[in-house]
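Chain lettering (A, B, C, D, E, F, G and H) follows the sequence in which the chains are written, and residue indices restart at 1 in each chain.
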Amino acid sequence: MKNFEDLGFSKVDYDRERRTGYPEVIYGEGKTAEQIVHILLKLIEVHRKAMVTRLSEEKAAYIMTECPDAQYDKVSRILTYGATEKKYTGQVLVICAGTSDLPVAEEAVQTADWMGCETARLYDVGVAGIDRLLAYREDIVSASVLIVVAGMEGALASVVAGMVKRPVIAVPTSIGYGAHLEGLTTFLAMLSSCASGMSVVNIDNGFGAAYQAATILQLVSEGGQ
Amino acid sequence: MKNFEDLGFSKVDYDRERRTGYPEVIYGEGKTAEQIVHILLKLIEVHRKAMVTRLSEEKAAYIMTECPDAQYDKVSRILTYGATEKKYTGQVLVICAGTSDLPVAEEAVQTADWMGCETARLYDVGVAGIDRLLAYREDIVSASVLIVVAGMEGALASVVAGMVKRPVIAVPTSIGYGAHLEGLTTFLAMLSSCASGMSVVNIDNGFGAAYQAATILQLVSEGGQ
Amino acid sequence: MKNFEDLGFSKVDYDRERRTGYPEVIYGEGKTAEQIVHILLKLIEVHRKAMVTRLSEEKAAYIMTECPDAQYDKVSRILTYGATEKKYTGQVLVICAGTSDLPVAEEAVQTADWMGCETARLYDVGVAGIDRLLAYREDIVSASVLIVVAGMEGALASVVAGMVKRPVIAVPTSIGYGAHLEGLTTFLAMLSSCASGMSVVNIDNGFGAAYQAATILQLVSEGGQ
Amino acid sequence: MKNFEDLGFSKVDYDRERRTGYPEVIYGEGKTAEQIVHILLKLIEVHRKAMVTRLSEEKAAYIMTECPDAQYDKVSRILTYGATEKKYTGQVLVICAGTSDLPVAEEAVQTADWMGCETARLYDVGVAGIDRLLAYREDIVSASVLIVVAGMEGALASVVAGMVKRPVIAVPTSIGYGAHLEGLTTFLAMLSSCASGMSVVNIDNGFGAAYQAATILQLVSEGGQ
Amino acid sequence: MKNFEDLGFSKVDYDRERRTGYPEVIYGEGKTAEQIVHILLKLIEVHRKAMVTRLSEEKAAYIMTECPDAQYDKVSRILTYGATEKKYTGQVLVICAGTSDLPVAEEAVQTADWMGCETARLYDVGVAGIDRLLAYREDIVSASVLIVVAGMEGALASVVAGMVKRPVIAVPTSIGYGAHLEGLTTFLAMLSSCASGMSVVNIDNGFGAAYQAATILQLVSEGGQ
Amino acid sequence: MKNFEDLGFSKVDYDRERRTGYPEVIYGEGKTAEQIVHILLKLIEVHRKAMVTRLSEEKAAYIMTECPDAQYDKVSRILTYGATEKKYTGQVLVICAGTSDLPVAEEAVQTADWMGCETARLYDVGVAGIDRLLAYREDIVSASVLIVVAGMEGALASVVAGMVKRPVIAVPTSIGYGAHLEGLTTFLAMLSSCASGMSVVNIDNGFGAAYQAATILQLVSEGGQ
Amino acid sequence: MKNFEDLGFSKVDYDRERRTGYPEVIYGEGKTAEQIVHILLKLIEVHRKAMVTRLSEEKAAYIMTECPDAQYDKVSRILTYGATEKKYTGQVLVICAGTSDLPVAEEAVQTADWMGCETARLYDVGVAGIDRLLAYREDIVSASVLIVVAGMEGALASVVAGMVKRPVIAVPTSIGYGAHLEGLTTFLAMLSSCASGMSVVNIDNGFGAAYQAATILQLVSEGGQ
Amino acid sequence: MKNFEDLGFSKVDYDRERRTGYPEVIYGEGKTAEQIVHILLKLIEVHRKAMVTRLSEEKAAYIMTECPDAQYDKVSRILTYGATEKKYTGQVLVICAGTSDLPVAEEAVQTADWMGCETARLYDVGVAGIDRLLAYREDIVSASVLIVVAGMEGALASVVAGMVKRPVIAVPTSIGYGAHLEGLTTFLAMLSSCASGMSVVNIDNGFGAAYQAATILQLVSEGGQ
């Protein structure tokens, strides 16, 4: 089989699963529903599973008429077809600071899920009421990989990173206003964190955080090599 | 007595004590030692007390030959002559996140002290080890006004503000590197805090935070009116 | 009673009143009307009073069908149920620079009011006509806490802070254009103020300024400790 | 006479006096003392007067050995040879906010002076003590053109512009720290001013403000056409 | 007569004409049509003339039913009632770089006109075709005050300032895209200009430039004092 | 044993090893050599190993007289005492783009090494000569965790992330000039990467990247839970 | 014939073809359909060919009723009338990173085409799957001029520039989110590229890149002089 | 011969001349004199010519003791050994705005020269005196490729691009102050230029501009393919 196929407007990368462990994921924004269907069917044909992120309800409705076995989640705006078999040891815990961060947190959960990870949620535990967070200390320290989703000043990520021995991936969100600069402040703050063992992905990029979490559990399941 | 005196290079504001409760404080940077001595002696003559901030050791040495009763503190770089009588109820607690924030924290302590406030210190309790902070919960909730000094992502301010019912004044510091943007990130983050009841002063401005804390205790001591 | 309740999408913080003196306030943006009603009723049940900020008229209309005793103010976009008893000595004076700053100024007034503070207004006294401001010098110097709301270059805050001995909390607004950078310029300018005794909150954050003002009057009423 | 002369490293613009009313002024930074002398002597030869700005003491010392009739002012760092005859009606008033703004204010005074304007100074009248400024209201309203030099939040410019009917040229300075962003905040704030009739030049550009003030008085002296 | 009148939402500054030579001008954005009418009628009553800037067609239509003698210009979005008598010597020349800069250029023309200045237009002479500009050299050098309106890199302002002996006021516009940063680039560039005798106002602030131009011609007409 | 010890200027966090798997690491910048020695000896006493980052040669020399068994590496500016036993499966591969990125890359290598990881280096393989990188494809795809250190536009990180199935941690460096904005551009670019499975740490933060890599291998060695 | 014609709102530059080799191109944004038709017909009359960029479908529809021989391309939003004869040796290769970059890439293709260049396309070869790019190495090295269109981190431009001996013109696009800052990050990154022989145009400026490519092929066809 | 050689700290790219037409050029900053000598001798051995940019006088002195046939130019800070034979048709004209831009302009001249191009200089023709520029119109329009070096507002680049039919490469410089933001303003302005046919390289990157100019003349000399 060839490594990629040229559809003119797109070169579908069939080789990616071999190289990176997962098929190409379709980024839904900036593509027409027709383009997405075209690529989606090619990927399903080759890999028996596929995922589309940042997909509006309108496009999703169109796509599901062409591909009725797909599933669409409104909160995370993710469409999936099939999924990776759950086979990894360990769990990805997705923590978020406030109710408004939910769409990004759910993007992380849905992605990790589709990539074959066990997931758990701990939502609305921002540092303005630190006791809510501390009440879940046990859940937090026993997670394998932690994804911390927070807007505003993003302090939650530093606090969590100081509590655990596991890798923490921070996701700044665009929730906030004024000096928050649409998320820029949160992600600059997270990158300046006083806590060790934490790395950061792009603003609102729940997908990217979950993707890296899955590569970590995949590494574990393959014995570290 | 006239409201101010014109020294040519400076107009010394003798009326400020009547208006704002405290004499003019001399900002030491950008003035020569000679200019400072000139203004200082005028202020001492009128108010019997004076303070100079951001003063280098070199200038301080020169000034103290002209004004031997002054005192200079190397860490905070503050020079004082006399002080306001300690007469306020309540205490200003100065909290800092790390050892490197000390100069700014001490600027706050020295200022509040000179302005007649009781002060206490709680240093190196950054959120990377939240249990250190929680071990002092009692001291924290019983302070009258809290000044939180932190660099990097500044998360400490939000955590403290969520623990207390008293006013919190946050001071971002220039301690950090890279994405920290010389303190800009910290102060954008503090302004975007998810916690209520907190306000912010300029980067490294321990003086300004203490000044406002003193106006609050002064208000208390005068019965709120 | 437990400290918080887990509604799944939210963990309502019942302990906050004990810790910080006031119940949790609901930030209305980014939450659905249904979510707000759900949290609101829980808070009313526990605290007998509640407040929602940044609430659109549409959501407010829906909420008031579920909670008919609530009150909604269109200018400040605040919904309240009950209020803190007025028991503090002293007064919060809300000053604003121009007519366009009114919604932010009113957010401060409504918040302070609900939190139990006496309030007064001094509107449209921007420095382009300094005599208007000086005509009210007596009202200004006799206030207990001053909230200064201004957009554009925000000069009003510095001028007021130089006139009084009481704490000044500055609120930059998003009123302006071009070099004003949607309020960023105003708040950078306020933080760089040449006047002492002033601190700053986030852009358009009338709520936050009033919240801190209330903690100050609360401190006074409790004798400073 | 030719319009310019090519010295290789520089093309000296002899025609500028005819076009713009004044000979080319030499910007001293980034040029060697030798280059400056070379250009200076050419300009003196043609125009009988010359000015160098932003000149260090070291370079000035060298230049004055080659051109002994020149004069150097240490505060403004300006070197002049000859000057425009004082022939304009009206006066340029240079106002500055604080003692640290003096070098920029003096750059404006020396420039306006050399360009043939009557000048006056009003220094250290920042808005933290507004009564100092108001004490000079008469001097302010009777000036022909006002140059307002201020660092920090730059509020002085707006206050002055609201007091007068004459053109106000604002000069932001690099005096400040932290959120002041080396003057960027001041000049963004000045451009966002709520007062009318004010324009702004580059940070620390006392020369540029004075230059425009001189063109205004020149226009007056030539009857407006 | 009192110096200002308190309408509650606004304090109308009747004294401004005496102080600054012109009545208060109403900034139309962020005010309701009702508020504007209220202020407008007060101003007309006192000054017999008034101007509103940044006024949408919708608000203008409403206002003109209440104040039928007003006039509205769609391009500049300015509404005027009466005008200052044309009595100044000299002319304000408004130059713009491209067709898209017209609304800002017309705001300058309409303002200068209402303030009693003779005006002339020179449009679409951007530096990409420098010969178009040079073809009008005579008009340019004979103007009394020049307002240069340009977006993109704003080079036109520097070129014009290098050609004339009269004051040049540069107006950056929001015309451009990408690296142009909605006008921020243009105005940073104009402030960094290599040409002398030029000052800058806020992005798209044709009004502010014209206002200063009028104060200059007013100064001329009053003999420079 | 107590969880932390209060040295006045510092609260040494003895509990961190239990919580996060590794003892507190001393950040050398902004602390005096005396302070570092004080903390270092405490940490060695409790943990039998310690590490100091960002340590100048001068301070290192002083410290090694007090603690002769420590080792100092000039390139990475890291001082270590003892080390974690090498017990993890898998390898951390540190890749850098250019010779100038070496100090940051070595900070990552030394850290990972001290934390008990096997490490390998692949240096000077920037994308301007992509064939150099491709020549090492086998080494790249067989690493367990990849740290990619790059300055300028940072393209190397995206290219590597597209080649592997393992987690990639990108470290932007301050190597570059002009539009590179001291590393800000690199790290904004890395966060905007088109490749999945990559996260980012602060500019020049080789330590932080290695720290997270070690937590990943630790997780593997503990079976993912 | 005169060099330009004054339409009042516009001065049409007829001399541009002589000076720069091509007639003035109309920038469609910010002009009304009527204005565009007016200028377009003038240009066609003089040059027998014309092009309009950034033209919405609505305006295009109106224009084509007035000028039925024009052609409109929806993807690139370019309208053309006639074209330059294809006479240049060599080929412009337009490469883009992803499907979403297509509109900008097509703007480059349509422009180069109309200016008389042979063009070829290589789309969706972003570096996340570098083998897709390498599969076309031969096409890449044999192009005469390369235009590389990319959003996000823009790494593709550096990789291509390292592969060829021909000039590379990079076009950053606004495709991305969060830290991508609407294209600012991409273009800062491209300007900081580690590869030589590459220059950059404004964000989304496919037109500008193609214009420069055409001037290069024109130079070739005229023998380099 | 192998494509590259691994020196440990560097992988010298011997294949680059075949791929890109020129050997690797050594960027001197951030490398030790020893490292440079090591790489330099390898490159000379293989290619018989080499160039080092951004080289301090100190390092140059050391290198020339090891490699006595090299030549060092103090203004451009470039060291060369041998050069490409002059064989291209056409000329690269390097234009600069002011005397202070000379080092960057000379970096361009020296680079183009070493790469085998005929070069010419046109210095100090900034737009503040546009007639100086126009006096050289003939030289300008007859150049094959134009490199325009300018700081401050960078207007010169737009003016030149509007005068010629040949490719213009703009080099922003770090000459300026305040709003100039160390060159950021110049390069944002150049990218926003209203003139077509111009592209931009990094701040002070005279080398990069000349490199691209050389690839253009190389293309010409090879007949466009």
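Simple rule for what comes next: contacts are C-beta pairs under 8 Å (C-beta built on N, C-alpha and C of every residue); 3 or more make two chains touch, one makes a residue touch a chain.
Molecules present, by chain and UniProt name: A, B, C, D, E, F, G, H = Nickel pincer cofactor biosynthesis protein LarB.
What you see is a predicted model, and the numbers here were worked out from it, not measured in a lab.
Participant: Which neighbours does subunit C have in common with subunit E?
Facilitator: Touches both subunit C and subunit E: D.
Participant: With chain centres taken as the means of their Cα atoms, state the distance from subunit F to subunit H in Å.
Facilitator: The answer is 36 Å.
Participant: Please report how many Å separate the Cα centroid of subunit B from that of subunit E, as a whole number.
Facilitator: Once rounded, the distance between the two centres reads 44 Å.
Participant: What whole-number Å value describes the gap between the mean CA coordinates of subunit C and subunit H?
Facilitator: 57
Participant: Would you mind listing the residues of subunit G that make contact with two or more other chains?
Facilitator: 19, 128-129, 162-163, 178-181, 187, 191-192, 196, 202 - these are the residues of subunit G that touch more than one other chain.
Participant: Can you name every chain pair that touches?
Facilitator: Chains touch in the following pairs: A-B, A-C, A-F, A-G, B-C, B-D, B-F, C-D, C-E, D-E, D-H, E-G, E-H, F-G, F-H, G-H.
Participant: Where on subunit B is subunit C touching in the complex?
Facilitator: Contacts found on subunit B: 19-22, 25, 88-91, 141-142, 144-145, 162-169, 187, 191-192, 196-202, 207-209, 211-212, 215-221, 223-225.
Participant: With touch defined as at the start, can you tell me which subunit E residues reach subunit G in the complex?
Facilitator: Against subunit G, the touching part of subunit E is residues 99-100, 102, 123-125, 128-129, 131-132, 135, 175, 177-181.
Participant: If you look only at subunit D, which of its residues touch subunit H in the complex?
Facilitator: Subunit D residues touching subunit H: 3-4, 8-11, 13, 15-16, 19, 24, 27, 29-31, 35, 172, 174, 183-184, 187, 202-205.
Participant: Which residues of subunit F touch subunit G in their complex?
Facilitator: Residues of subunit F touching subunit G: 97-98, 126-130, 134, 152-155, 158-159, 161-163, 176, 178-181, 185-186, 188-196.
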